[in-house]
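Below you'll find the structures, each written out as structure tokens.
Look for chain A in each of the two complexes below; its partner is chain B in the first and chain C in the second.
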Partner chain A sequence: MRERFIYDPFVLPFMLGFIFIIIYLVAGIINTIRELPYEDRKKLGKSIFSRKIFVSIKEIFMECLIHSRIFRRNRMLGFMHMSIAFGWFLLIVLGHIEVQLYCPDRVNLPYFPIFFRYFMMETDSTLKGALFFFLMDAALLMVLIGIGLALYKRINSRLMGMRRTTKLKMGDRIAMYTLWAIFPLRLLAESFTSGISGGSFLTRGFGLVFESFVSNEALIQPTWWAYSIALGAFFFALPVSRYMHIPTEMLLIVLRNAGIKSKRTNAGYGNIELYSCSRCGLCIDACQMSAAARLDRKTTVYFMRMLRQQKGDIEAAAQQCLMCGRCVQACPVGIDSCRLKQNVRRSESFLSPAQYRYLPPTETIRTDVLYFAGCMTHLTPGIGKAMQTIFERAGVNCRMMDEGGGICCGRPLMLSGQEKSAAIMIEKNTDIILQSNAELLVSSCPICYKIFNEKYNLPIPVMHHTQYIEQLIDKSAITVDHTGLSVVYHDPCDLGRNSGVYNPPRQVLHQIANLMDTRYEREEGLCCGGSVGNAVLTGDQRRKIARDALRKLTEEKPDLLVTACPLCKKTLVGAGSQPVEDIAQVVVKAMG
Partner chain B sequence: MNFGYRINQSSMIDLDRASKDIATQVLQYEPSFAACIGCGACTATCSAGRFTPFNLRRLQLMMMRGQTDKAHAEAGKCMLCGKCQLICPRGINTRNILLAIHRLTTP
Partner chain C sequence: MYDVAVIGAGIAGMEAASRLAQMGYEVLVVEKDGRAGGHVAGWDRLFPFQRNAANLAAEMLKMMDRGKAVKVLVNTTVADVQRDGQHFRIWLSDGQGVTVSAVLITTGFKLFDAHRKEEYGYGIYDNVTTSADLERMFASGKPVTTKKGERPQRVAFIHCVGSRDEKVNNRHCSKVCCATAVKQACEIKQMYPDAEVYCFYMDLRMFDRHFETMYLDAQTQYGVIFVRGRLSEAAESIDGRIAIKAEDTLMGKMLKISVDMVILMAGMEAAEETDKLAGMLKIAVGKDGFLNPVDEYLQGNFTREKGVFVAGACTGPKTVSETLADARAAAVSIDEYIRDGSEEKSLREEIIEKIRNKRVEIRNRRMKNEEGKSIEF
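Moving on to the complex of A and B:
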């Protein structure tokens, strides 16, 4: 192989874009690290010189190039992302290896590997280059297939397994079209040059075809110019487009593996999460507000875009969310969008904690096990009664903390951003719990369970009643018989996805009923639509979500739908004629 | 001489003068408020209502009468637990109304 030129003016658009994006990225990284609090910076520093960096490198390879999380969700979509990302990566790496092998003097020219075929020509003695010709063509073909699928997805996303895909704005569109243009232009440029530079099945093949009806030499310059302009334009469009996720996701992975989490503001880590959102739209189908109530435009991807661009009514967008966590579960980048929304909600706190002076002084309840039924359980008294029966049968000294109605746990206030007010509830309830001298706090409501666990700092363990019942059965404190019922278990969001309690209810149900499988289990559990996380959803929209969830959960026609949350129970009962019961009620039946 | 009696402040409400601006705004923000039939289910179930004479029905009345200051103090008593919303036979988005009243009446 022999060098023809070392420079041509057509490299300028590429070089300008390249220099711009490098400066932009370096500035961005410095800015982000400066925004991180001191401890986080220390964590980051430590993680770089530890084993964690290898974990990060592996994750970057698996997620940014292979896209294994998307693969697991949807093979077609995963293949599309992989072929573009991994194919492009191969082109870059192989291009650099070629330069290293055939013209090591040019390694320091950043444009040289990109436009290698233009600058180098094949001589008779370089047959060994054939392997690279083949590999480069194979990588290019891989990217082109991916681009073809991406084009197809824009026309009909259903064929790629997505009911809906993100509606893009100007910046995204420009970047997307230039990205799509880069590779066909590269193919054309390399094909027209292949008579001189050589090529393999793709470039040489196309080159020969073109030769039969156009003069390839005349088209060499224009196509290389076009290819370079497409690359440059893509780099310039990158910061205002969703493709910022390509560099940012790598940084996000490193920060996440260093153990950094965004705290109370969206600066620093939260900002990196915003820029890592590729607007792939997987959260649109996952969101039940979109799937059942047609609120497509209220889904997380649009919230993320508003927050990143600081445009539109961000607060309203943050409020319009069930906080069920399904989008977080579906996100291939692992962005905790619920926390970003919570941070926005918190910034709009306006309730005055002084208004809660009416709350009574703490009354002392002394007991071994303290039972907090929760507001919602007071609306579904069957669950509370069932729990009382279970406590009695197990011979446990238990008192109800909120007999006849108590002080709210504070999570609804917290979810609406009113943290100072929630703190009053937390303080009052903590007083009651501490004065009771109880060894254990049991709650029937997953909403309360979550906040007891996360915000209360209690010296005693907290259990949801599903966990407590499992323990009682294990210790043979209560005995249960099989009821012969076939049941489906509905994972309440705050118990399942948001607290990670999946197995205890299943263990209990296996002993008392035939537990049927559904497609909406565990992490894929559905929100009932009653969520206290959303204050703006209308009654009609809630009903639509509830009906849709009930329909999906009862596809297999179980005798009984079992849940473990009083709010879910109340909502699902109202959504159709399907019998719905709480797990405690089923257990009482099974105790005979 | 003090006989233990005093003159109460007038509680007369002049409906011609009362400003319904905020009530209108709340209605715009949460149109379901108009569907209230004053049945009192929310009052019966209210978590805060157990400790203090707080209720949504009265709050609605205050809004309609233009008693904005009173409404502001009342709305802040809500714990947002959401029971009233589940119990409401008219499907009114009560939690949003409370937040809206509070937000709009904050001076």
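Moving on to the complex of A and C:
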């Protein structure tokens, strides 16, 4: 290996872009860390000097380069992402190793590894040089295959398991086209130079082919210029494009592993989440508002873009969401977009406490087990009646907390951003619970269950009735027989994905019915469409979502669709003629 | 070989069939249930004049049977229909196939399944029942009682159950329930003059000629209490009474009362058979599930498919008298279609000839019958 030049003016576009992006990123990181609250900064500092940093490095490798989460969703899509990211990574790493090996004096020149083959030439072939040429060509081929797939995905995204992809805006398009241009231009530049610098199967091969009909030498300079300009342009477009996710996601992973979460505002961590969104569009298909009600443009990816660019009616976009968490589940970057939306929804407007004078005075109920049916159970009295039967048969001293209607758990208010109003409900209910001397609070409604668990700070355990029934059966407090029914279980969002209660209902159902599998289980569970998280969806749109969900859940034609949420039950009953029951009702049947 | 197939032997089907038979056509009536008469045959009395419903149905059945030109197949459904040039080929559930010149759909309505409004507790609470159930109680001739057999002190009628309710996907008004509720409320009062009877309504749609009088009588003569407000929920207390919550929107107050019986005024929905037939015959179905005639104003019994006609509640909720008038109109439309609508001249003449012969035959038969009678007496 021998050095030909150490500088050429064509490196300027690259260098300008490179310096720009380095300054931009350093400023961005400093700004983000400054935005973090003090305790989060402390957490971050601690985590960097602990074992957690290795966890982060591994996750960065697996997610930013290999894209394992995307692989799990669709192999072809994962392969495309991996080819580009990991291939590019190999080009950079191998390029630096080359410089280290053959011209260690040039390590300080950032452009040297990038344009290595222009500056260096092979004197006589060495085994090491040939090996690196081969490896570099292989990595370049990998990226080119990825780019080819990305081009094809624009025409036919279904190959990658995506029905819909994100509609991109100008900034994203420019960045995308320059990104696509970088690697073919590199191939051309290295091929035209391969007669001088040497190359391997790809660059040397193309070089020989070109030689037969163009003058390679005349094209050397223009193609290196073009390659450098493409790189420079990509760096300049990066901050306004989706590709900001490449550097930001790494920071996100480090922060997340340090135990940092977004708090009441989207500054700091929330901002990093916004910039980490690659607008891959996997959330579009996951969203039932888009899949069933054709509200593609209301999906999370577009909300994230609006929020990042601070354009459009962001508040309206934050309201147009079922808060079912399916997009969070589908997100390969692990962005908690529901929290981002909740932060936008949070409103400081507040009705004065006087507005709540109608709330009944706290009544004292003394009991062992306190049962909170919830307003939706009042609208599905079959569930409440079934629970009463279960309590009676188990011989439990139980009283209903909201017999005469009761006070709302507060979660619907919370979801609509009225946290101060919700706090009044929480306080009132907490009083009743504390005065009851109960040892346990049971709720039939996952919506109530979630808020009791997360916001109430109760000294007693809270259970959803699925968990409670499982416990009663385990303790033989009630006995059940097999009903012979074949059933499908529908995971309510707030019980499953949003609270992590997947097994108790299944344990119970296994004992009393033939539980059938569906494609929409556990984390992949569907929203019934009735969600209280979205107050702007029209009745028609809700119905479309509900019908679609019912159709998907009953593909296997079960005798009965079982759920564990009064709202899901009510919504799904209204969506068709399929019999739908709550798990408590099936248990009562099984008790004989 | 029949001229017309009538699908559904409710009052619309029976009326149309007997009119067509009178005109000289041979009519096949297909009925999914075990008897003709439809919903009406199971009711007690009809508003506004308390006409006995079962008698009316029986009378109509007799009328239809008169000329022996109507064949009624009960417990039979249509498995498939296909157009065959000018005719229709119909395959029935019993395996037989028939060819007809025209099809009349009189599949009527389906009662809204009150279980779907679970918050009202139908099927969960003992003393929550529907207007159709109450009608059957009246028809049985026994006194109306609570589940435990006690006479009710307080009865609440809930209007618009499954009608004008987006939550159950029914935007339409079922038209007859307001008048039915007023009728049934008065009947309860006739049975138990000292009972308190409430009607919870959104709007009272007293649209027909005698309805307003019924409504006034209900208030002044019978003392039925009308509350404008929709029920929010119902809960059962230990003694089996039902606590209902509603807002009295005229007073602007929340209302909570305990009653012995709740009667849900279940509305009308398109029957399942209607949808099935619409699919087979490619005729237009509205968003509400009822069939769309080709022109609501001038061709209310025609569909966009030539030779397929509609009558009765399959094109939307109707009262008994409206249904009967609609059925007669359909018979006229079909007659017109068969006589003038046939494009092939020979076929048209053939049919006209056949009808002429048949009319003569009927007249002869009738005269013979009358002769026979005169001899007997």
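Simple rule for what comes next: the second predicted complex is superposed on the first by the 582 of 592 C-alpha atoms of A that agree within 3 Å, B and C clash if a C-alpha of one lies under 4 Å from a C-alpha of the other, contacts with A are read in each partner's own complex, and residues count from 1 in each chain.
In this text, a contact is a pair of C-beta atoms (placed from the backbone, for glycine too) under 8 Å apart; a residue touches a chain by one contact, two chains touch by 3 or more.
All of these numbers come straight from a predicted model, not from anything done at the bench.
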| item | value |
| --- | --- |
| Joint occupancy of chain A by chain B and chain C, clash or fit | clash |
| Which superposed partner A:V588 touches (first chain B, second chain C, both, neither) | neither |
| Which of chain B and chain C A:G539 touches, first, second, both or neither | both |
| Residues of chain A touched, compared between chain B and chain C (which is higher) | B |
| Touched partner set for A:I260, first chain B, second chain C, both or neither | neither |
| Which of chain B and chain C A:K570 touches, first, second, both or neither | both |
| Touching partner for A:I426 - first (chain B), second (chain C), both, neither | neither |
| First (chain B), second (chain C), both or neither touched by A:G405 | both |
| Partner chain(s) touched by A:V301 [first = chain B, second = chain C, both, neither] | neither |
| Contacts of A:L379 with chain B and chain C, given as first, second, both or neither | both |
| Touched partner set for A:S416, first chain B, second chain C, both or neither | first |
| Listed stretches 153-161, 225-233, 297-305 or 369-377 of chain C, narrowed to the one that overlaps chain B | 225-233 |
| Shared chain A contacts, counted only where both chain B and chain C touch the same residue | 378-379, 405, 539, 543, 570 |
| Complex contact set, residues of chain B against chain A | 32, 45, 47-48, 50-52, 54, 73, 76-77, 79-83, 86-88, 91-93, 95-96, 99, 102-103, 106 |
| Of all residues in chain A, those that touch chain C in their complex | 378-382, 385, 405, 539, 543, 569-570, 573-574 |
| In the complex with chain A, residue positions of chain C that touch it | 116, 118-119, 121, 123-125, 166-169, 233-236, 245 |
| Chain B-touching residues of chain A, taken from the complex the two chains share | 350-352, 354-356, 358-360, 375-376, 378-379, 404-408, 410, 412-413, 416, 418, 425, 530, 532, 535-540, 543, 567, 570-571 |
